[in-house]
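Note that chain A is present in both complexes that follow, paired respectively with chain B and with chain C.
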Partner chain A sequence: METLRDKVYEKNILDRLADMLVDGIASVIEKFRPGWRARNEAKLDEYRLMLYTLNRSPPGLIGLMLIIGFVFTAVFGPLIAPLSYDTPLVFCNYEKAYLAAPGTTIVVPQDCNSCSTVEECLELGIPPGKYTLVFGADDYGRDLYSRLLYGARTSFIVTVLTMAVGPLIGILLGLVAGYYGGIVDEIIMRITDIFLAFPGLILAIAFSAVLPYRISDILQENVVLRDFLLWLFAVKPEHAPSLAYLVSVVIALWIVWWPGYARLVRGAVLSAREATFVEAARALGVPVRRILFKHILPQPTVSGPLIAYLTTDMGTVILVEAGLSFLGVGAVPPLADWGRMIYDGARYFPNAWWLVFYPGLAIFLTTLGFYLFGDTLRDILDPKTRRRIRFKVKRGVAV
Partner chain B sequence: MTGRDPIIVVRDLHVYFYTHAGIVRAVDGISFTVYRGETFCLVGETGCGKSVTAKALARIVPPPGKIVKGEIIFYPEPGKPIDVTKLGEKELERIRGRLIAYVFQDPSAALDPLYTVGYQLAETVKHHGIVKSFKEGFQLAAKLFRKVLMPDADERVKAYPHELSGGMKQRSVIAISLSTEPKLLIADEPTTALDVTVQAQVMDVLKRLKEEKNLTLILITHNMGLVAEMCDRVAVMYAGKIVEEAPVDELFKQPLHPYTKMLLQAVPDPSRRVERLESIPGSVPNPLNLPPGCRFHPRCPHALKRCREEEPPEVYVSPSHRVVCWLYAGGRRG
Partner chain C sequence: MADLKKFLVRRLITFIPTLIGATFLVFLVAVVVPADPARLWAGGEKADPRVVELLRKEYHLDEPIWVQYYYFMVNLITNRMVSPVTHENVWSTILERLPVTLQLALFSFTLVVAVGVPLGIIAALKRDTIVDYLIRAFAAIGMSMPIFWFAYILIFVFYTNLGWTTLAGNPTPAKTITGLPILDAILLGDWRTVCQIVERFWLPSLVLAWPSIGFVARLVRNSFLDAMSADFVEYIIARGLPKTTLYKHVLRNALVPVVTVLGLIFGGLLAGAPITETIFALPGIGMLMIQSIQNYDYLTLIGGVFFIGLIYLTINLVVDILYAIIDPRIRY
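What follows is the complex of A and B.
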């Protein structure tokens, strides 16, 4: 059977990579389930088409690149950072490390004033070595580059935790409201409207200002949870009390993050529930829970916009989290957080411009990445826009 | 043949749709009884309320529709009545599919495009506890697909709906509906979306399975040929009401209600050449604004003054033949 792989005439290197990826995965599945490939060739074609569509969208590729970069930094950043997020080089050499400009090199312990031996420096919390502060240092002489790497982890974990729960609440409520309609719909949507009418950021500020006290109690009692969070956020055990503030941000975002999803999903469900097969499933006695999750949620009209929205929304979460920290209700020193770094650096602006510029750039690029990719994802997931590529491909026109 | 053992008794059923434009009285006070083992037909034009009636039987009337009045007594076993209108959602889930099953008009729409037909059958039987696992469900699916004369059944189980033809899709829908061995099957225009040769095959399958499993079948259609071929008893509906009910032979030989007569005349006779196809003058009344008195009077050639003012009575011309019309109200009433 002639597949799409053979029909595309003008393939760039990315298309070839896509082919290799799809074929590779297909042959692995084929190994475990013989005959799978022949049956699912059409499905594979759709995946190829998705990847070809992505390959023809420079913004999407840039977005994907930025996202991959962000995730990579978040996962491995704390491991590759030359210094910890709180290593105060000012203790070694105040003159050199205080607001050190990008490119300054400090050699520990040779350049030190206050400590002369390796042991003395280690006692101050500064491991010996030669450090080039590529992005400069802040008022404690902390390496901005290392802090940015740690900050990626903070942003990433906050985003993942937020997106794991907030949208879920919204999706559930949206499904229920859309499917049942009537009074249930009225009640859920009016509550949603109340939340939407109230600026999310303000509400989040309120919650993240109130929550930390209770949460820090909980974290003190629950050692396992605390250690797990310490590991997640790559925070030193002695800074455990600061964790409560990050956790509060996450919980505050859960509370304010669902209404958009409830509204999006409810709208899509309204049309999806009219499908005859939903009625047929009901007539066969399939329980509501199963109908909602197996027959309504996976419909492309529901899941497509949802996935696209989820992706762009990741960018928004990063932005809002940074915003909360910037306003002083999120991460607290000495934790590395992009928003907080801008806030702390602002008072040295414009002399020490790097303190504001680099964290800002990090937030900007990450958010941009999610926005660009989310936008392209919408096109990729919509079978109709995806088709436009196919017709061009069939005629052998450069696409 | 038909015993006198009722399987479902509908009394004075009213289903209204509360729309923004007003209340649509889709089903407005209908009563009928279906006996175990028979094939009962609901006939009528598009929009006369036959599908809504069918959906009301398992309470799957889509919102904003509501059953406002009446009762639906269902006898899963003789002498064990359940009033369907009073059941909660949990109990209904046990009845739907398990005891009352549906075959919908358009098989392409009735199957979820995201799952294989075998999966959809397995989902149903697993939920109703007929099989323990999806694997057994798939085995059962293959068996049932052979029963509905699906060619190459073992392979078709793994097919997605878009890979099947219309006839095969409808056959899989029938297989899914019958997989739970229901007592009552409601087929809502099961052949309308299919072409004529396939229609015959699908109806054959239905007929054969009905006899094999001693099913009761409620067939909803506007195809008089199908009625003649399949049914034992027929109810003719017009604008939300039953206008005539009779055994099928009697209805074709001796239709009483003017609407039934005109409906039968509208069926072209292949043995005669006709210049023009017969049709019933006028159109179905707007359900938001039904005419007073008999709902058929604006189109009725025999309309009396009385028809415009008063609702016609129900007249039993024989124990099994009733007609709702003023023409038969004098003398033969009873």
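What follows is the complex of A and C.
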């Protein structure tokens, strides 16, 4: 590993950025825990090598950029959206706003038929201003661009909430099943098999269809939770009842999302369990919890595929969530949801093609980002493939 | 072989509890969660209490959950279960819808095998060339594309503009032999119906197969490359044997994991078509389930889920057994 820090190797601009990133983070940690850096120099080199590998994989970089774009849109989208997700411009000017083609410009209140003063327009829920509908508008004259930005938030929050719990259940069960083996393993894996016996989509459809009844009761009683979710999804208070459908989707996805992880982790633990260092830890009387989380889980053979799978799965969650909304379970109008937007826009297809095309493109690019990056992560996190990268030697310098 | 026999017996024994557990799970989902299914079936808030009472009695809704489950399963298997919404036998409704779903799955599966496997092999043989990159990009794009979006684009191109397909109807030949329309039509020599079926089904099949094609191509590529890195490859090259011999051996090793996945994919195609069936208005099991959700027809929904679970589990079983037979190295 010495060679990496030597100057003889040619590093491109991204490699230098990666060096700066690792050094920066390392020096911050060094401030709080003196001596950390010297102890972890080998680890830091490994991280540098990971970033160099990423820099040499164009699909990985594209994926990373798509993911960053998606997260940025999800966090700041509702703030930069020119109009709200439910501003009905048809009330203002039906002829111009109804299924307005991309690029149509509407000036409020000049173009308005039903309101002439600023106050009247505000009363209709349409703030005055000049709006260029970049991606067109739907049958209520709602700005598609704003709705896409809000839709990113919906998609992102559903994905994050799903991935925060579903895989965790699977990882815990997989760890326990793989480590203990025997009857525990048998019971857990039989239950996993029961869940795997159904195609996830079918089970998720069934759960999302029946859960809203219960969830809406819970949300009505629990005001704090409701307000928190309203803020999280960037939904207006008057649309609070629609939240139940989104939450149902999340819970339905929790229920169907863990079995894959249980299987993956169990398989990895089964082979890691036999390693000498685990035997040594057991012989020293290290508690099981510590062995599982500190010795087995961080192993590259366990954590590598797991992290790659988690990333790829983010894309799958986005795809499945959109599919559920498209089938009519999940997000309900007027909430902005990419899948639901395609379902609603399909009625006007192909005349108003933008209503189907742009939300689909958003889903596609986001999912593609997670798939590409997840695929590259698999190579990056595998120490063997990581070491396969070859550096160019700087011209005129002998090694 | 003793190991194999033991494995088969164990696998068969665990099959039945898994199936029962799976049905019970779905039964719980569909019956416990909505507040009062009998009232819903009787017509909502203003329902006649006597009718509600009658429905409750008929479907054993006032009894403990395991009794309900027992009656449900017995009635379903003996085909005495009548849906309170459509007033039709649940099991018959499902079986009626099976040919469409099966036909769609068969067409899609053919596409997956005929396109996905060759693409994967080409990508592996041309590793790290432009061909390989293109195929991998195609695979990634295929897997991350929302099929309902892709379907609309294809409909726009092939239906609206080119008119190469139809979007309505379900062509069947005059006589029924096996129950599967395409097979019957071929057996009867009714080529016009065959053409009609192909015209109706090729686009939905492509849409349904699309993500799996990319997935299989990627899998075949990776497992082919894995097999290429085995020691026997070096031996064959060192012996100076022709390339065809080499590829024959590599392919045989590479296809072991592929066969398992193909089995699972067939199960998935058979089961996971609600989106495709809804878009293309194909009256299959997936569409039936979506309709039954919209009509609060939980009994048909559970019936459908049970049926799909049954097929899926059976395919899983067959695949596991096949895997143990083709690859003698696997020991359980």
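Note that in this section the second predicted complex is superposed on the first by the 373 of 399 C-alpha atoms of A that agree within 3 Å, B and C clash if a C-alpha of one lies under 4 Å from a C-alpha of the other, contacts with A are read in each partner's own complex, and residues count from 1 in each chain.
Here is the rule we use: contacts are C-beta pairs under 8 Å (C-beta built on N, C-alpha and C of every residue); 3 or more make two chains touch, one makes a residue touch a chain.
Remember, it's a predicted structure, so these values are computed and weren't measured experimentally.
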What does the overlay on chain A give for chain B and chain C, a clash or a fit? fit
Looking at A:Gly181 after the superposition, I want to know if it touches chain B, chain C, both of them or none. Which is it: first, second, both, neither? first
Should A:Arg290 be classified as contacting the first partner (chain B), the second (chain C), both, or neither? first
Comparing chain C with chain B, which touches more residues belonging to chain A? C
Going by the contact rule set out at the top, does A:Ala209 touch chain B (first), chain C (second), both, or neither? second
Could you say whether A:Ile25 touches chain B, chain C, both of them, or neither, answering first, second, both or neither? neither
Regarding the shared-chain residue A:Ile194, is it in contact with chain B (first), chain C (second), both, or neither? second
If you take every C-alpha pair with one atom in chain B and one in chain C, what is the shortest distance in Å after superposing? 6
Residues on chain C engaged by chain A in the complex (per definition of touch): 14, 17-19, 21-22, 25-26, 29-30, 33-35, 136-137, 140-141, 143-150, 152-153, 155-156, 160, 267-268, 271-272, 274-275, 278, 286, 289-290, 293-294, 298, 301, 305, 308-309, 312-313, 316
Spell out the part of chain A that touches chain C in their complex, as residue ranges. 59, 190-191, 193-195, 197-199, 201-203, 205-207, 209-211, 213-214, 315, 319, 322-323, 326-329, 339, 342-343, 346, 349-350, 353, 356-357, 359-361, 363-364, 367-368, 370-372, 375
So in the complex, the part of chain B that touches chain A is made up of which residues? 58, 60, 62-63, 89, 92-98, 101-102, 104, 106, 109-115, 123-124, 127-128, 158, 173, 176-177, 180
Chain B-facing residues of chain A, complex: 39, 181-182, 274-277, 279-288, 290, 294-295, 298-299
